[in-house]
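First comes the structure, then the notes that go with it.
As written, the chains take the letters A, B and C, and residue 1 is the first residue of each chain.
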Amino acid sequence: MLVLDDVAVNYGGVHALDGVSLVVEPGSVLGLIGPNGAGKTTLINATTGLATLARGTIALDGARVDGRPPHRVARAGIARTYQNIRLFGALDVRANLAAGAYARSRRLDEPAMRALLERAGVTTTDLDATASALPYGDQRRLEIARALAAAPRIVMLDEPAAGMNPSETARLVATIRAIAATGIGVLLIEHDMPLVRAACDAVVVLNFGEVIARGTPAEIARDPIVIEAYLGTGAEHLA
Amino acid sequence: MIFQQVFNGLLLGAVYALFAVGYTLVFGVLDILNLAHAAIFTAAAFAALSLCAKGMPLPLAFLVAAAMAGIIGILLDRVAFAPLRRRNAGTLVPLISSIGVAIIIIAILQGIYGVDEQHFSNLGLDSAPAIHLGPVTFTAVEVTILLLAIVLMLVLSWMLRATPLGRSIRAVAADRTAAALLGVHLERTIAATFFIASALGGAAGVLFGLQYNSVTWDMGSPIELKGLAVIILGGMGSITGAVVGGFIIGAVEVASTAVGLSEWRDAITFGVMFLILVVRPAGIFGRRSLRQA
Amino acid sequence: MTFLADFYAKHSQLIDQIGVNAILALSLSVSLQAGQLALAQAAFMGIAAYVSAILALNAHWPLIASILAAMIVSSVVAALLALPVSRLRGIFLAIATIGFGEIVRVFANNLQDLTGGGQGLSSIPSDATTPVIYGALILVALALWLLSRTKFALAVALTREDEYAARGVGVDVGRVRLLSLALGGAIAGLGGALYAHSSFFIAPSDFGFGRMEQILVWCVIGGVTSPLGAVLGAALLSILPEAIRFLHDYRDVTNGIILLAVILFAPGGLSSFWRGRPRAPRPAETRA
């Protein structure tokens, strides 16, 4: 279980995050939405040790992870994907998966690698393919596979559906729910509202670094504060 | 005594600054550390040497040598950097490419001129009358060098600020893609940048050769590395930084000699540079954040 | 057989040089594989050369002992250097290490009593014979090959490809950089000690930026991530000046032309010909 308590991050004089609290339960999917610049990626960066907290704590299963260097946070069991894909592009699929499992004591054998690819929904089966040469959708999914390779307790997905068409996005919903079903807690940052509605058990809405709403996807879609934040006044629903 | 030291420091610093300006201009515009700059510096000095030996008046030889250096700069870009730009090779590969060109230039110079030290023979430099102005003693050549260096740097500064070409160069330095989208002719601007940077480097070479009345194939080596210290101190990519840094390093070197530490001079210069890199890599006038590439 | 014996007798110095140069090229390739353009190998080489020469001349240490001591010293110096430069990347790291090299050169020139100053040290026992040099080269190559099968090698590759993503999978990037620098320092130290014991005489000018550029050129031409390539690059460029003596003063031109040709047409170096991947791996080009 990942607990963020009153987390604040400052960049220069800007409050990128200001008093954010949320909980990611094991086996559930928490959606994190908000307009661009709301602080979503900052939140992931803060959790993975790439940004310093001005205030607040972050704990994984009771143990504090804030203040730890990024590689220690990763070893503690938090894995992530990146908004702009950050695969080890020049290396092959095999190496990317081995990278994901770097912190684990046992090496991944080939069957285990194939299983990871399947869990993440990667369509390519060639372990020797160069990562940057894979089709775009497979690259995003390979990043997910790499995150899963760490056998993490928490996975944070930063806009995994970016650039995907509706049918790929629908497949992604199944992938995400399957990940949660294995007991992993998932934090999903997304702009794609149908994906959020279908995949998430609960949603937290961020704007200007603060939480402005929480609830189920259905509740959030009807919340006038949220609608105003996204669309300005006058819109009735967030489809 | 102190005024003489100040003058010496200014003189040394002016040539360092002139050399560093070309270094930092290319870095600021293209993110490339051009290690062939010192080779061009040397080539221009030899060119001026040969032209003077054939009877050309020194001022004209200076201009021709600087112009020739500028042209070599354009060729350098065509051969060693432009192909790499096209394939997006990053910033460290061009560095190595520039080493290749530097090796070629120096080898050609060695082939033509041999390895012995050469002098500007028929200019009477060694017997130039010393001028006394209060506590300071200097020769006409030294004053000319100092003033010329300063004038050239002022002209560059004006050009970058006030001319269309200067604006294009600054635009490319700020954001290459945006500049291209806004209609700046990229390759032409880059060629102009190399011409200017190399011409200034060549000018520095001629002045340096005149200052010590010595031209050899490896005269560029110490200054190539000192130039690094200058642009790090001043801030990579900042013209003002190169100028200020040049004078500061010149002052540091003269001061080191004055307090009897002349054998440690280089260690002090590079020690300062190392310290800057550890504490504030952006230098005095550079961008605040550490460049990640 | 006598042909080989004659060949060796005529070219033994060159053959020894190739061996030493190959070791030096390997030392740089270790740093480059971690994505660090750390240009201090020549300085580490110089420090080790002086340490082993001084131990041999003044304290009459036997060869192996003086080599090991030299390697330890250069490795420790490299590790210490890694600390202040740990936040530097790309060009900045390159320049900082060049600066370090210059500072070392000045010390070597000025500590007259210890290093003989600008005159250098001579009469160093030439007991690093060809078998010793090539034995060392084989040991280094073997060690690096064994290392390439370990997790450390993966960590090195990840650090080179994308530092941030590497941290994200649990790689302690700082430690990887320090260890690769220290390892490079140790190997460069080996090269330096062997250099001292195979050239009668050493001076500060042997270990300056010119030497550093040479080592860089060998590495690039061979292919920066390929140890075999580094060795071939060193061999090729060591033989070349001798082979083209007839060009007299223009000899070095070919070095430059080869370097340019490799950069422009085969950026992965010679090794790309047997690896099939023409792309050169780019040291840490990431933005935050």
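Couple of notes before you dig in:
Everything that follows uses one rule, which is that contacts are C-beta pairs under 8 Å (C-beta built on N, C-alpha and C of every residue); 3 or more make two chains touch, one makes a residue touch a chain.
As the structure is a computational prediction, the values presented were derived from the model and not from experiment.
Counting steps between touching chains, the shortest path from chain A to chain B takes 2. Farthest chain from chain B (centres taken as the mean of C-alpha atoms): A.
The distance from the centre of chain A to the centre of chain B, each centre being the mean of the chain's C-alpha atoms, comes to 50 Å. One finds 43 Å separating the Cα centroids of chain A and chain C. Chain B and chain C have CA centres that are 29 Å apart. The part of chain C that touches chain B in the complex is made up of residues 37, 84-85, 87-92, 94-96, 98-100, 102-103, 105-107, 109-110, 209-210, 213, 216-217, 220, 248-253, 255-257, 259-260, 263-264, 267, 280, 282-288.
Considering their complex, residues 151, 154-155, 157-158, 161-162, 164-173, 279, 281 of chain C touch chain A. Within the complex formed with chain C, the residues of chain A that make contact are 48-50, 69-71, 74-75, 79-80, 82, 86-91, 95, 98-100, 102-103, 146, 150. Put simply, chain B touches chain C in their complex at residues 33, 79-80, 83-84, 89-93, 95-97, 99-108, 110-111, 114, 221, 224-225, 228-229, 232, 236, 263-264, 266-267, 270-271, 273-274, 277-278, 281, 290-293.
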